[in-house]
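Structures are listed in the sections that come next.
Shared chain: subunit A. Partners: subunit B in the first complex, subunit C in the second.
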Partner chain A sequence: MKRWQCVALALVVAALIAAPFSLKPHGIYLLSMWAVMSIAAIGLNLTLGYAGQISLAQAAFVGIGAYCTAILTTMHGWPFPATFALGAVLCFVVGWLLGYPALRVQHHYLAFVTLAFTTLVFLVLRNEEWLTKGIYGIVGIPRPTLLGWSTKEPRDFYYLCLIVLGLVSWLIWHLVRSPWGRAFMALRENPVRASSLGVDTRRYTLMAFAIGSALGGVAGSLYAPLVEFIDPTPFTLALSLNLLLMVIVGGSGYFVGPFLGAIVSVLLPEWLRVAEGLYLIIYAVAVMALMAVCPSGLLGLAERLIRPAAKKGAP
Partner chain B sequence: MALLQILISGLATGAIYALVAVGFMLLWQTSQTINFAQGEFVMLPAFFVLAAMKFGGLPFGWALVIGMLASLIVLGVVFKYLLVDPMLKHGVLPLVISTIAFALFLKEGVKEWYAAEAQPFPAVWSNDNIEIGGAVLSVQNLVIIAVAIAAVALLQWFLARTRTGRCMQATAQNPALARILGVRVELMILYTFLINAALVALASFLISPIYLAKFSNGETLGLAAFIAAIVGGFNQVRGAIAGGLVLGVVDNLAAAYISTQYRAAIPLFLLIAVILFRPQGLLGRAEERSV
Partner chain C sequence: MSTVLEVRGLSKRFGGISAVADVSFEVQEGEILGIIGPNGSGKSTLFNCILGQLQASSGSVHVDGRPVTGLRPCDLNRLGVSRTFQLLQVFPQLSVRENLILAGQEHKGTMWSRLIGRRDAGLTDAANRMIEFFRLGHLAEQKAGGLSYGQQKLLDAAMAFMAGPRLVLLDEPAGGVNLTMLGDLRERLRAINAEQKATFVVIEHNMEFVMSLCTRILVLAEGRIIAAGSPSEVRANPQVIEAYLGH
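Coming up: the complex of A and B.
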């Protein structure tokens, strides 16, 4: 990292830690939601931005993680860390099992298979009442107490989300720079060349897909106690499309992309609420305009604005 | 005779899916547009008609004409020039995001500016039933099937037998070569968008009397069109038709004989099975991949 990047990172982290002191509970809730959605989007960015595969299954993995935590903590009294870990592992395994046949096909076909998967998971969540309580949902999902630290208050739970987000970012930062991450990018750029250089294309694509899915599960495990009530409706295709939107709008393949995309998707509609019923309409127009002006997302736009300036400054 | 009734109503639903799927597939073929707003495209024309009747005071017949014209302009011309054209050079993904946003825009727009509740929509045909050989068939379903068959037959004839239709096919298969041969590629692509707009408007007028006109109707319809296009074969008109009909029948049979709760799951299994074992679709040809 360059020095200005370190400074910027430190400032952002400081701002995130200080933020809840000047916010009402609803503001803190939104920031926590931003952190949770960022985690899910980081997972999707790994699949889409680095390995180049369009997945619409991320909502299903968030749902699986959320229900895993909700069911085990409310009905079976499991401790949160155990359900959290199980949610991630479960999504990793399901992602692997889904990816194994699904990655036989690529690009838009993969998008359609994963689209079908999301809808199927939604149907199971809605119909299997003995397990998920169906449309009535699961109420009273407890916020955990970790090592004597109760996260019952919104601010404490926000810090928990922030810590997990930090850990995930740190892991993915290193993953992307490891030989594995390089292999992922080689797959995106030129799969034929990658395989001729000895990269086991299928195994690495599957790996990127499974890790991305596991991050969806992590996000879900935090989502359930954050909202404290879950039913199947948040985990439809709409969430998958929304996560895809976050990754692309932020800038797919950029490390910071998902964070920005989650801001646009979680916070922008809230800021537009002053426009009442029009807010989703304005939001939709803003997204279309951004895509028309700069298809590589906000970071692509920033890069385009900064680059010519940097060139001028160079001797 | 229950089976015959289920088959007929399945074919009627399927015929509507087929209309939507054909338009969806034509857009993909000629301009690589995966239109995630296709379902909302079916939802909207019914509201054009309702608005023309409510605010313009027009009789139903004229309102249908206005609705069709408005669809051609908004869903054909405006959609192409304002949304698709600026995005085409950037590849498939940004366009996908844009159509998702457009779907949201149409849905919320209707909800905000017209109505959030389901609106009754007058039927073009009577709501009676007739009895043939002991089976009670609704006239409406039979009309839907007839209109859809006529529309598709007309389209097939246009694509295969007229000069313009052949130019459109050439554009879909190889735009660069078509251009060299003097085909006005841009114009052909515009025709495709207009045909899609006409097909979704037709589907909208046929389905709205049954399902009522509601802003959120597009979600299920869009998914059905997707599945129909892929199951049938992404690169052929008759594939999309077959896909639509199969989907409609399977959907109705599943609802009647398997489980109403999981009726939506059956088409998805069909979709997954087709993609895994026959990715080019039931009637499609394998797409050639360039390295």
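Coming up: the complex of A and C.
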């Protein structure tokens, strides 16, 4: 990392740690939600932004993770760390299997396959009452106590979300800089050429799906105790599209993209509440304007502003 | 000398059309074999069948005596069979050096070591040497998509050689490359052929280039081999002249 990036990172982390001291519980809740959604968006950014595999299934994985934690902690008394790990592993495996269609279909066809999966998971969550309690939802999902540290208070749970976000960011930062990350990008840019250079496109495609989905599960495992009550409605296609929006608006394929995207998607609507009835319209117009001006998202826009005379073509 | 590539009775049909019909040939170690033929004579289809990008309708391919028919391109590549493409096939968003590291990384270690190992898989030096060899030094940090056509063509070739392949199939390496670079490219290819004992099969339309580079030439027309021999023999063959000029 460059020096200014280190400084910026330190400032942002300090601000995130200090933030809950000046916020009301609702503000802390929103910041926690931002952290959770960032994790899910980081996962989707890996699958979509780096490896180029469009997925509308991320909401389903958030749902699987959330229900895994909710069911096991409330009904079976599992400790949170165990359900957290199981949720991630479960989503990894299911994501791996969902990757198989991606080996055969691409682009909008793949979008439809993953869309169908989201709908399927939603129907299971709603209809299989014996397992999920259906539309009645699961209440009283406990916030965990870890090594004697109770995260019952909003501020403590926020710090837990922040710690997980930090760990996930650190892991993915290293992943996208490893040869794997390079292979993912090769998959996105030119799978035929990648294959002719020995890149096992099948294995990397499945991995991109599995890891991205596992992060959806991680986000879900935090989502359930954050909200303390879940029913199937948050895990519809709308959340998948919202996560897709976060990735695209933030800047698909940029490491920082999902963090910014989650700000736009989670916090901006709250800030716009002052505009009352108009806030959804303002929000929609702002997003449309951004996409029209800069399809590569906020970071693409920033890059253009900082380097207006970007090198075009060869010398 | 041993046989590096052996193609036996290879055919590829698309519906009722035979793109490649019963093609058999062998390539010896260290040889530079040229394949020429009019447009649509099945040269690229032949390449794609050999390399597993297309499934051959019948026939077999052996590399170093080992059957490789039906292997995936990535598995074949890891056996030491590399290729370049007719149309530009680089990774535009990656830098020149990253393109080259990618071209070598899957030949080292395991999936696991590539995950937790060094970011460059220990290939930066090898990539830099390849960059110097193809005289792309001033462009190492630039995104490949910003290079000129000829430079991308050189990068494409450099990527094919990155893992020290045993056999390289080059699909029109000279296409769209200007005259100065062409001589350069020929010298590079000759040097690699001599130094690394790499065996080449070259598809090319540029007659002057192919005649001066190759030791032996096959002529393909309508999916069949109609002539084979040294450049001078092929040039004098009346069937070849007819295939090119028509009736």
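FYI, the second predicted complex is superposed on the first by the 306 of 315 C-alpha atoms of A that agree within 3 Å, B and C clash if a C-alpha of one lies under 4 Å from a C-alpha of the other, contacts with A are read in each partner's own complex, and residues count from 1 in each chain.
Throughout what follows, a contact is a pair of C-beta atoms (placed from the backbone, for glycine too) under 8 Å apart; a residue touches a chain by one contact, two chains touch by 3 or more.
Note that the coordinates shown come from a computational prediction; the quantities given were computed from them, not determined experimentally.
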Legend entry - When subunit B and subunit C are modelled together on subunit A, clash or fit: fit
Inset, instruction - Could you look at A:R273 and tell me whether it touches subunit B, subunit C, both or neither (first, second, both, neither)? - result: neither
Inset, instruction - Report for A:R182: first if it touches subunit B alone, second if subunit C alone, otherwise both or neither. - result: second
Inset, instruction - Could you say whether A:R304 touches subunit B, subunit C, both of them, or neither, answering first, second, both or neither? - result: neither
Inset, instruction - On the superposed three-chain arrangement, identify whether subunit B or subunit C touches more subunit A residues. - result: B
Legend entry - Which of subunit B and subunit C A:I248 touches, first, second, both or neither: first
Inset, instruction - Look at A:V192 in the shared chain and tell me whether it touches subunit B only, subunit C only, both, or neither; answer first, second, both or neither. - result: both
Legend entry - Partner chain in contact with A:R203 - subunit B first, subunit C second, else both or neither: second
Legend entry - Touching partner for A:L120 - first (subunit B), second (subunit C), both, neither: first
Legend entry - Angle at subunit A between subunit B and subunit C, C-alpha centres, nearest 10 degrees: 80
Legend entry - After superposition on chain A, the shortest CA separation from subunit B to subunit C (Å): 9
Legend entry - Set intersection of subunit A contacts, subunit C complex versus subunit B complex: 192
Inset, instruction - Provide the residue numbers of subunit A that touch subunit B in the complex, in ascending order. - result: 54, 101-102, 104-105, 107-109, 112-113, 115-117, 119-120, 123, 127, 192, 237, 241, 244-245, 248-249, 252, 277-278, 280-281, 283-285, 287-288, 291-292, 295-296
Legend entry - Of subunit C, residues touching subunit A in the complex: 51, 53, 72-74, 77-78, 82-83, 85, 89-94, 98, 101-103, 105-107, 111, 114-117, 119, 121, 139, 142, 146-148, 151, 159, 162-163
Legend entry - Partner subunit A, residues of subunit B touching it in the complex: 34, 36, 83, 86-87, 90-98, 100-102, 104-105, 108-109, 111-112, 219, 223, 226-227, 230, 261-262, 264-265, 268-269, 271-272, 275-276, 279, 291
Inset, instruction - Name, in rising order, each residue of subunit A that touches subunit C in their complex. - result: 175, 177-180, 182-183, 185-186, 189-190, 192-203, 311-314
